[in-house]
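Listed after this line are the structures, all set down as structure tokens.
In the two complexes below, subunit A is the common chain; its partner is subunit B in one and subunit C in the other.
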Partner chain A sequence: MTVVTAAYLAAAAVFCVGLYGIMTKRNLIRITMSVSFIESAALLALVASGYEAFGGRPGAGTEMACADPVPHALALTGIVIGVSTTALALSLIIKLYKNYHTLDVADIKDARRRWLNEEPEGRVGAG
Partner chain B sequence: MNHLPALLVVVPLFFAMAAPLVDIIHIGLRRFWAFAGVLLHLAVAAGLYRAAAAAAAGGIGPLVYPLGGWPAPYGISLVVDRAGALLGLVTALGALIAQIYSLASIHARDGKYYVLVELLVAGMSGVAVSGDVFSLYVFLELVASATYGLVTFERTRYSLEAGFRYMTFGALSGTLMLFAIMLVYRSCGTLSMAHLAVLLPAAPRPAALAALVLFVVGFGLRAGLVPLHTWLPDAHGSGPSAVSALLSGVSIKASVYALARIVLTVYHGVDSGVGDALVVLGGLSIVVGHLMALRQTHLKRLLAYSTVAQVGYIVMGIGLGTREGVAAAAFHVANHAVMKTGLFLSAGILGALAGTFKIRGIGRTALMAPYTTISFIACSLAIIGVPPFAGFVSKWQLVDAAYSAGRYLAGSLVPVGTVISAVYYFRLAGILIFGAHREHGLIHEPVPRAFALVPVAALALASWAMGIFYSGPLAAAFGAADDLLNAERYVRAVLGGGALFQ
Partner chain C sequence: MAEARANDSTYFARVRSKGAAVITVAALGAFLAAVLLGGGYPGPYQAGDPTLLMRDVSPSSVGDTAAMGYAAPPFYVAGRPEGFAHGGAAPAGLRRVSQRYIESAPDDTGAVNAVSAVLLDYRAFDTLGEIAVMFAAVTGIVALLSRGRLPSSGVGLSPVVKRGALYVPAFMFLSGAYIALHGHISPGGGFQAGVIFAAISVVLCVVYGTAFEWRLLNPVTKTALESGGAIAFMLLGFIGPLKGLPYLTNLAAGLPKGHPGSLASGGYIPLLNAAIAVEVGAGLALAFYSMIKRLDYPEGGDWR
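== the complex of A and B ==
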């Protein structure tokens, strides 16, 4: 098994862990962590695909062989997008906690269902 | 050298980023600044559409704008054809309408709102002109980030929860697109859509198909295709009404356009089973969306479920893959933008007057706002597909295209959906006019000022006019379909030293 195959397998494993987390976890922070997991999996796969020298690349098969920089540039952009999304999610979690006094998705959903059926909606203070 | 394609993205970005500086000068300038940005963007989008239509009429095909002068496939090129230009025009008009409505309803204090709308417009425009898959991904993420902010910026309990769920689904969809991009780059060594269209047929079949599946699921998540729609009704139903209108009427079209571009142009049409999958998903969305809308108790959630169904019509048209089917889809994109924006905006006025968006609380609101109610009913008739209105034309086209493609079951789902939607829209109209006023709501949404009626009435008129004078819009839709389906001309324009944008 080459190092690239190992990286792909690791990416697949991390992706599965993240997907499992999104589907089963009830805690908002754990869900956000799972989202970060699947983003990391994509980045890992991108970096690995850049390392893999394949036909037609400059320097492939010679002593000058080098990693393809394009997937690495894509991964950098992906990191920026992932970090900003995570920051936004965490700030939302703070607002949600101030509001519902819980981080449990099921409790929050219950509260919403109650609201849709009876209660009027209240505005949350800024902060 | 004419820089319109770049300006389509740069203008809204500039107006978004400079908005806080304008605030420093005078806080009252904020609205005029935002309004100027939207108007200027509309002018650019209209100019771009004219250029694309003229080029197509002259037999030149898509226009290419190599950024920094680097030719494709080495540099990044923007590509403008009638499909992309149509998306740009729909975005610009939708943003203008929403902006006029916002002047009447969003408080001037909420400066974030105007920045986010400009960012959304920039992202949509980027999707419309991007010529490579990675720019497409980045601009879709920009659209998504702007809409996360728009859904949650009022910070009501409901919108916070909806926004969080929307973000989780959005991040998952972005990751799937990233995997797909990794796969196509690994098997073809390029990101340019035109170059991919050339190289993908010779690429390893499993990798190309896996990438296609990932693209379809990723875009489907953002477009709210059943069974990936569970975030949509809450996200589209919980923000302020101008935001709901922008989200449902405009922003969702970015993912639909990306889906059409990848499937029809990059993958050369709908063979290899993807057409069947899209028709099935579209049919499923029509049935589930309409049935779920039937049992909603919240006005804006009902309209959001109706969006799920309408996206189903559009995706079914794309999945048919014929010229008529794709044209029906393109026409329905424009129609749905008009009708659903009109419905959400008039629902915003009615709900604010009633003090609630719960359907049992909006009885007799028609007496308080007769013209708004008439506009609401006109847009409802249009979206049901009653003959003199716009929805009828695109739905008729879709049924016709489905039958001539031999997909009788899919074609029959369209009238079935029409009947179901007639039930819930007529029920709404009945409650608005004759219903008992059973509940006094306490929502915080302020009643918009009287001129909010202007965009609402304009949309109602447009949904009627597009049904009467349908030949012009229909020709534009066929033009967009031609450009989406003709991969060969697209490739020649980008790679073969075709016409530069000038």
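== the complex of A and C ==
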């Protein structure tokens, strides 16, 4: 197993952890953390794709092999976008907590249904 | 009720139980691993295939495309020559754009760090969009959390910590400035330095209290720094159009190249790094301050 293979498998594993968190967790902050996990998996795969065996950091003008700079630059862009979206999501969560006094997605949905003066509808797929 | 809520616990997908979630996740993960290990590219190379990740753009040094012996723009697949198909060879005559970046970045841009050369010279327009995203996110955070009480949310830690942490921000500033100004020589750059600058604000908030931080660097100052950094980036890009060249042209617009590897080299790359560091640092500090300030509303006020 090469280093790149191991990194890809690790990226797939981290992606799965994040997806599992999104699908099962009810706490909004945990859901945001899971989204960050998935983002980290994408970045790991991206950086690993530029790996060169026995290569140094992507500097230029040297004779030795060096890693591919383009995935590194893309990963840098991805990190910045991820930080921006995560920060915006967390600030929205702060506002939600101030409004509903809970971080539970299901509680927020119930409160919102009550607020809309609707009867709680029969849940699709409940049983 | 509890049973019904347990079934409603999924937010993005309605799966019945954790078992179903595990199976779904495992299937998706196996698919993802297969795609990644297969090179991320399912078939033989064909020109114009939309599944290719990106296409080369012409280098920012205008006019030297033909001189570099660099005819048709080649395609680039995930940085790996073995990324073409399953063991299939890359088509003849294809040269990897990354190879060109690594080999000729010092000549094209004056920057030794190839990542900085890609980020701030070859694809500097992408970076402009990147800082626009950061700017928009910070604007959104501040607008969302704008109705809190401003100055006094915390009083800081004990006098021992306050005294002990007295010299920390100065060294953090030094470290951030080093990383920003050496971004074209060694790993680092404006974004990393900006995060360190924002950490100075975090240290001040935690150790000395938000009131002190508010007096030292109030949000208006941070807003001015953030906007100033972004505007400086955009104005530096106008050197090219003034000479009749494309926007964000570096060395071809007559900026000094310097000796690659020295501090004063790379045309406007150190200046762009400094502008990005100021923009990102002030923006993240502003976002942090907006988040930790106490969101007290006056009695009887509404919650919106």
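Assume the second predicted complex is superposed on the first by the 104 of 127 C-alpha atoms of A that agree within 3 Å, B and C clash if a C-alpha of one lies under 4 Å from a C-alpha of the other, contacts with A are read in each partner's own complex, and residues count from 1 in each chain.
As a convention for this text, a contact is a pair of C-beta atoms (placed from the backbone, for glycine too) under 8 Å apart; a residue touches a chain by one contact, two chains touch by 3 or more.
Everything numeric in this text was worked out from a predicted model, so none of it was measured.
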First, second, both or neither for A:9, with subunit B first and subunit C second: second
Touching partner for A:49 - first (subunit B), second (subunit C), both, neither: both
Touched partner set for A:29, first subunit B, second subunit C, both or neither: neither
Which of subunit B and subunit C A:77 touches, first, second, both or neither: both
Touching partner for A:96 - first (subunit B), second (subunit C), both, neither: first
First, second, both or neither for A:88, with subunit B first and subunit C second: both
Partner chain(s) touched by A:69 [first = subunit B, second = subunit C, both, neither]: second
Shared contact residues on subunit A - subunit B and subunit C: 15, 22, 31, 45, 49, 57, 70-71, 77, 81, 84-85, 88, 92, 95, 99, 109, 123-124, 126
Complex contacts: residues of subunit A adjacent to subunit C: 5, 8-9, 11-13, 15-16, 19-20, 22-24, 26, 31, 45, 49-50, 57-61, 66, 68-73, 76-77, 79-81, 83-85, 87-88, 90-92, 94-95, 98-99, 105-106, 109-110, 123-127
Complex contacts: residues of subunit C adjacent to subunit A: 3-5, 7-16, 18, 21-22, 24-26, 28-30, 32-33, 36-37, 40, 54, 76, 78-80, 83, 97-98, 101-106, 111-115, 117-119, 123, 126-127, 130, 133-134, 136-138, 140-141, 144-145, 187, 189, 191, 260-261, 280, 284, 287, 290-291, 295, 303-304
Residue ranges of subunit A touching subunit B (in the complex, touch as defined): 15, 22, 28, 31-32, 35, 38-39, 41-43, 45-46, 49, 52, 54, 56-57, 70-71, 74, 77-78, 81-82, 84-85, 88-89, 92-93, 95-96, 99-100, 108-109, 111-112, 115-117, 120-124, 126
Subunit B - residues contacting subunit A, complex: 134, 138, 141, 145, 148-149, 152, 154-158, 160-161, 163-164, 167-168, 170-172, 174-175, 178-179, 181-182, 185-186, 189, 191, 234, 297-298, 301, 356, 441-444
